[in-house]
Amino acid sequence: SSSGGKEAEENAEGLSGGKAGTPTMTVAMVTHAAPGDTFWDIIKKGAQSAASKDNVDLKYSADPSSANQATLIQSAIDSKVDGIAVTLPDPPALVPVVKKAIAAGIPVIAFNAGITSFEDSGALAYFGSDESVAGETAGARAAQDGAKHVLCVVQEQGQVQLEARCDGVQKGFGGGQYDKIYVNGRDMPSVQTTIATKLQQDKTIDMIVTLGAPFALASIQAVKDTGSQAKVATFDFNPQIPEQIKSGALQWAIDQQPFLQGYSAVDGLWLYKNNGNVLGGGKATLTGPYLVDKNNVDFVAKFAAAGNR
Amino acid sequence: MTAVVPETATPLVRLTDAGKNYGNIIALRGVTLEVSGGEVTCVLGDNGAGKSTLIKIIAGLHEHTSGSYEVEGEAVHFSSPREALDHGIATVYQDLAVVPLMPVWRNFFLGNEVRKGLRMDIGFMRETTKKELLDMGIDLRDVDQPIGTLSGGERQCVAISRAVYFGAKVLILDEPTAALGVKQSGVVLRYILQARERGLGVIFITHNPHHAYPVGDRFLLLKRGQSIGYYRKSEISRDELTALMAGGAELEELSHELESAGGASADAAKILGEEVHDLGIDRVSTKEAP
Amino acid sequence: MTAVVPETATPLVRLTDAGKNYGNIIALRGVTLEVSGGEVTCVLGDNGAGKSTLIKIIAGLHEHTSGSYEVEGEAVHFSSPREALDHGIATVYQDLAVVPLMPVWRNFFLGNEVRKGLRMDIGFMRETTKKELLDMGIDLRDVDQPIGTLSGGERQCVAISRAVYFGAKVLILDEPTAALGVKQSGVVLRYILQARERGLGVIFITHNPHHAYPVGDRFLLLKRGQSIGYYRKSEISRDELTALMAGGAELEELSHELESAGGASADAAKILGEEVHDLGIDRVSTKEAP
Amino acid sequence: MSSTLETRPGPPPPAASDERVARQSPLSRLLARPEVGALVGAILIYIVFFIVAPPFRQPESLSSVLYVSSTFGIMAVAVALLMIGGEFDLSAGVAVTSSALFASMFAYQFTLNLWVGVAAALVFALLVGFINGYLVVKTGIPSFLVTLGTFFMLRGLNLALTKAVTGNVATNDVSNMDGFDSAQKVFASSFTIGNVSIRITLLWWILFVAIGTWLLLRTRLGNWIFAVGGSAPSSRAVGVPVNKVKIGLFMGVGFLAWFMGMHNLFAFNTVQSGGGLGNEFIYIVAAVVGGCLLTGGYGSVIGAAIGAFIFGMTNLGIVYAGWDPDWFYFFLGALLLGAILLNSFVRKRAEAMR
Amino acid sequence: MSSTLETRPGPPPPAASDERVARQSPLSRLLARPEVGALVGAILIYIVFFIVAPPFRQPESLSSVLYVSSTFGIMAVAVALLMIGGEFDLSAGVAVTSSALFASMFAYQFTLNLWVGVAAALVFALLVGFINGYLVVKTGIPSFLVTLGTFFMLRGLNLALTKAVTGNVATNDVSNMDGFDSAQKVFASSFTIGNVSIRITLLWWILFVAIGTWLLLRTRLGNWIFAVGGSAPSSRAVGVPVNKVKIGLFMGVGFLAWFMGMHNLFAFNTVQSGGGLGNEFIYIVAAVVGGCLLTGGYGSVIGAAIGAFIFGMTNLGIVYAGWDPDWFYFFLGALLLGAILLNSFVRKRAEAMR
């Protein structure tokens, strides 16, 4: 029926240029994503693209709690996969189990989170961006845009990476006024109203930086509702972002190229298995920050429309 | 006084060889019973004999697990009390079936709400509740009180007056007078007679032979889930009935046994003796009911 | 037969001018009562008269809102039934206070579990429960049945035998015989006498004058929350008592009124007449209790 | 001590004034109503924020608070009725998102007028409610468990179907489609009174609360809802169609979930497939803060509305006050607990006073 | 139809075999126990995964499943006892994190032996339980609301205090501190049987389940727990110290939250301040799947353990089976619902059969 057709279409959409003739290998990808998040969905798409190109059987699993993520890695070890791609948002909790995997002879590549500790864990490589650096880039850009008072919007309280981004924003922004609020990322009406509330509470806010694409859209709405003069910028991408940048409602978006992270992690494991290559030679390979604004939005837009940026 | 209906008329309710198991517990088996209009059937028996189980089958609260059940000649298998109510069978349960947190008047009319258009006619319902209870000798402070705050007897009276008010063809009363004062008990007996006069079939459960014999037309005696006798009034005297109810022989034995001991036992024996006497077991004269 | 204790002895329980309000509802006021060891006090009255409220105060379930309450001469203000139990006051509540989902034996020993070291002595408790109930004439299939699946009378018997088993100084029984069969009622009366003989003070609530008069030493009559009389047995005859309980005058009036109407009403009048007769209101002879 | 036989004069016959009832002030009678405790809590929290947060005093702020409250409060109407009827629905939060996704994808994929999608989503939402109710009444499994199962299933379906249909985790923008403008008028517009812009959900909220209260207190159905929640076996015994009432209540939740789903769709044009999670909890909290018993049989729709208002006000009030966001949940908890304690204190006072 | 007066012979006097009881097969008697339905569900789900997921068949996988189950199951012991006692604790999930944060920060900031932090955290956790219980019994407010308040407050405190003390959202690594090794041995070590590494939490879980079951079925306290949950007023009336029992149960939850907190701390060396959220829910689900009534008074600790096992097994089984992760929650819901339906079906069968 129609779902089959859609599935076929989805597979065709992938960026596979062909298919490797190497024997099928199994790769487990274990992340700390919450299900249904746009950003992580793009990572997964990248991973799937690489998997279908490299004849890899990809087993994706995710859990935001580090204890549960550790268990998922353990279950990948139990399943005797040929390689593990993993995010390391909470290194002290995850490094021991990664070491276990390596001791069991399974190559591990870290991506997205864990830039400071992937080497300790014995992972081959790291593909991702440095959240602090990304944050600082954003903060600096905001200062450059002439903002005086920045508001950082966190959609999940207590999340290490999100906190690091906001801290980076504050640092990069320099001495300007800086505020932070938490919103419930699962409930758009309350996200929008909370941001609007903050704008009403402090009318000097002139720049909002959100940490996820959907919240940028809610912020734009909130700015409209309150008649505030604040500008909006965001981390991450989704299909609606380019249009907003084009129209000027959104200033810029910081893309860490999640597609690339997922793709490289899987492809890296394939390369390692089949040719012994390690991209970056054991050092971190950065995939971002890649800043998209009015100048380069047209180029990125068509990929974003496909949901791959 | 007994208005005996001709045998040929279809009885309102007929149970044949009915039985009921709760899991592996056999609460009732092989019980046969007929209730015709204008007739009061008393179901008598010891605690745990299966009386409530029997009436719960008739009321549609439980389904019988064996035997057959007919209402006005037509075999039925009620899957809910609603169906029984729709056949005009109204019941006062021993455990009362009230909703403790709800006001008295809402409980009174529950399931039979009086409506004006879409809305309930609250004024009418409150007044009716107040009045019907007053008729039973219960003068409530406030019909908006949650029924859970009423005394045991007051709650019982609500359940009774509700059943009497809505009963159309058959009225079932499971130990209605248990928690009632002397006056209220009198009123309930009057209600039973009025219902019989109106042509209703009444099933009346009680442990009090003084209540059962005067109003009953037929008597079904249960023991340990089985029928141990089914009589018309003409076939049994009050004393015989009370003797059967009490398991008279056993009682007298107990009394003698105690008397041979001293002290309190002797006292107790006296009381028991009186009890036995009250039940008419040792009396020879067969005083007929009015 | 009444073992009257000298007036000078400190009564086990003494309520003076006690009252109880539930919010704006005045359930009881100005009631005075004394219970001495070896004495049975009957509390009698109409439905909603405040009997259960009274005993709930004594049992520590409710605190009185006015007046004073002394146990063995010492003023108390029980904030929980535990305190009353610790004073040796055991109670059978009208609404029974059982936990429906729990097995019978666990209910029987609830709050008084028998232990061997840290563990409960389950074997002993199960056997005791079985035995105590058998003594009351209740032959349970299985003491591990949830008590909620017992018949009304069976449950009542569990509550009674529990209180009798644990009662130390004062035994309070709120309409214990209401749901009981004739035989079980006899056993309860015997228990009351045995308790009296053992020197316990007993408070006995009932609507049945046939039960109250033989065992009672004193009688407290309540009406609409107030005391309408407090008598020693020597001061009142059975017939006077029953007349007071029933509000005899009103009853007879009702009977006459009905007789003047025809049909069912006439029948009902007859019954009521008999009821009134049974209550001894129209009898002249004052038959003394044994 | 012992009196003679002559009886004391009995109390007078029942008259307009009953000697067994103490006088009760109108104030204390008012305070005894289930929702009044919550109201007192709400007023107190309002005063607190009015004092500490200057921006909170503006009419626009009240409008924002009322908007957020209405997004919880509309669902809380149905959830409160369901709870009074003795059941839970843990799938209520994701069902909102499911309805929105369904309407949006249905209309988009078949390129239909949005109103067709809206209607199809209504059928879908009612069906989900029906299935919940049917499983609960037919199997006798606690609704907590049944709806937990459907909660997980809907949550999975939301994501999986959205991905399968759109290739993304959010639906496509529907703002250019036929019927969008009229649907937005109905579900997600706003209007201005004075200078203050007011969301239409507020009006809908008032309407639903009014209907819910009327249903509960004035109709036969309301009687039955109280009864099945207070004691389902007793209700069954006196002939209340318990199963039908319960299924109906679940469908009521489905109906309002559909409504809120439409609001979310037309207010934001796209729907995130992971949304709505955890909101079921907020609805229950609103109902319980407003005086509904978790065990059923007692509560009020107005109370649930006040509960939603307390929750919304506290949420935004902390932001208006500019309190340290790290402490947000601490303050939220403290204020909630404070409101609840006050509520119970007021009720106890009221009971003692009357 | 009407018989004569001579009575039919009465039933025989009570003997070893009672004529009022039908014969019951040992199987059907077994099937009627509260936890057996859950067990049947667990076995069925096990078989499903055994068939569809080859990696699931390895002993290591069982060890992982048991580990995950134990992390839910240990808390589920206390939560089940609390639920049998008629109360909820929504703060149970975050209390685990709070204890871990407390122990870690306390020892770290004052540079003490970690065992001092462990002991201080125990006091803290018991205190939280006590406060929950005290508020519930003294105010009569439903525990759902009270513990919701403490849930929010602890959640806020976890974040705010951690940020205030450490400057981050996670605590510092404690693995180099005094006492770490011995504490890790106790709370978070593993040992090997054959080739399979087994976590010590499994042993603790078994121990806690055994103690809980023994408490519940064999001691006076267990009797009281059933009683206060089944009917608090009746229990009070026969002299059960209802308040003490309830406070004790809340403190029991505090105790095991402390234990799990210590496990998390010594297994992962740091603690994320946002952790534990939502787990309270999983504990309740485990208890309810295992046969505990939400209304209290009925349930079993072993059942809760089986419930936790079902949840853990389903969670990991879907991963082992390599099913599309987008559909994860759908499968989770479907399997849970299936297990529950089967559970109720088995019980009904058992009741009809016996």
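As written, the chains take the letters A, B, C, D and E, and residue 1 is the first residue of each chain.
What we mean here is this: a residue touches a chain if its C-beta (ideal position, glycine included) is under 8 Å from a C-beta of that chain, and two chains touch if they have at least 3 such contacts.
Chain-to-protein mapping (UniProt): B, C = Sugar ABC transporter ATP-binding protein; D, E = Xylose transport system permease protein XylH.
This is a predicted model, so every value here is computed, not measured.
Student: Which chains are shared contacts of chain A and chain B?
Tutor: Both-contact set = D, E.
Student: How would you label the chain D and chain E contact, same or different, if same means the shared numbers make up over half of all numbers there?
Tutor: same
Student: Consider the two chain pairs B-E and A-E; indicate the one with the greater count of contacting C-beta pairs.
Tutor: A-E
Student: So the centre of each chain is just the mean of its C-alpha atoms; given that, what is the distance between chain A and chain C in Å?
Tutor: 75
Student: Quick one: chain D and chain E, Cα centre-to-centre, how many Å?
Tutor: Comparing mean C-alpha positions, chain E is 30 Å from chain D.
Student: Between chain A and chain D, what's the gap in Å when you average each chain's C-alpha atoms?
Tutor: Roughly 36 Å separates the two chain centres.
Student: Could you tell me the distance, in whole angstrom, between the mean C-alpha positions of chain B and chain D?
Tutor: The separation of the two C-alpha centroids amounts to 44 Å.
Student: I need the residues of chain A touching at least two other chains; which ones are they?
Tutor: 35, 157
Student: Where in chain C do residues touch two or more of the other chains?
Tutor: 25, 141
Student: Using the touch definition from the top, which residues of chain D touch two or more other chains?
Tutor: Residues 20-21, 155, 159, 163-164, 328-329.
Student: Using the touch rule from the top of the page, what pairs of chains touch, sorted by label?
Tutor: A-D, A-E, B-C, B-D, B-E, C-D, C-E, D-E
Student: Quick one: in the complex, what on chain C touches chain E?
Tutor: 59, 61, 80-82, 85-86, 91, 93, 96-102, 106, 109-113, 115, 118-120, 122, 139, 141-142, 162
Student: Can you list the residues on chain C that touch chain B in the complex?
Tutor: Against chain B, the touching part of chain C is residues 1, 22, 25, 45-48, 51-52, 94-95, 137-138, 141, 145, 149-154, 156-157, 175, 178-186, 189-190, 193-194, 196-198, 207, 209-210, 214-215, 242, 245-247, 250-251, 254, 258, 263-265, 267-268, 270-275, 278-279, 289-290.
Student: Across the complex, what residues on chain E touch chain C?
Tutor: Within the complex, chain E touches chain C at residues 14, 18, 20-21, 218-220, 223-224, 226-227, 230-231, 233-241, 293, 297-298.
Student: Which residues of chain D touch chain E once you look at their complex with the stated criterion?
Tutor: Counting only chain D, the residues touching chain E are 135, 139-142, 144-146, 148-157, 159-160, 163-164, 285, 288-289, 293-295, 324, 326-334, 336-337, 340-341, 343-345.
Student: Which residues of chain B touch chain E in the complex?
Tutor: The contact residues of chain B facing chain E are 21, 23-27, 32, 34, 218, 221, 223-232, 235-236, 240, 244.
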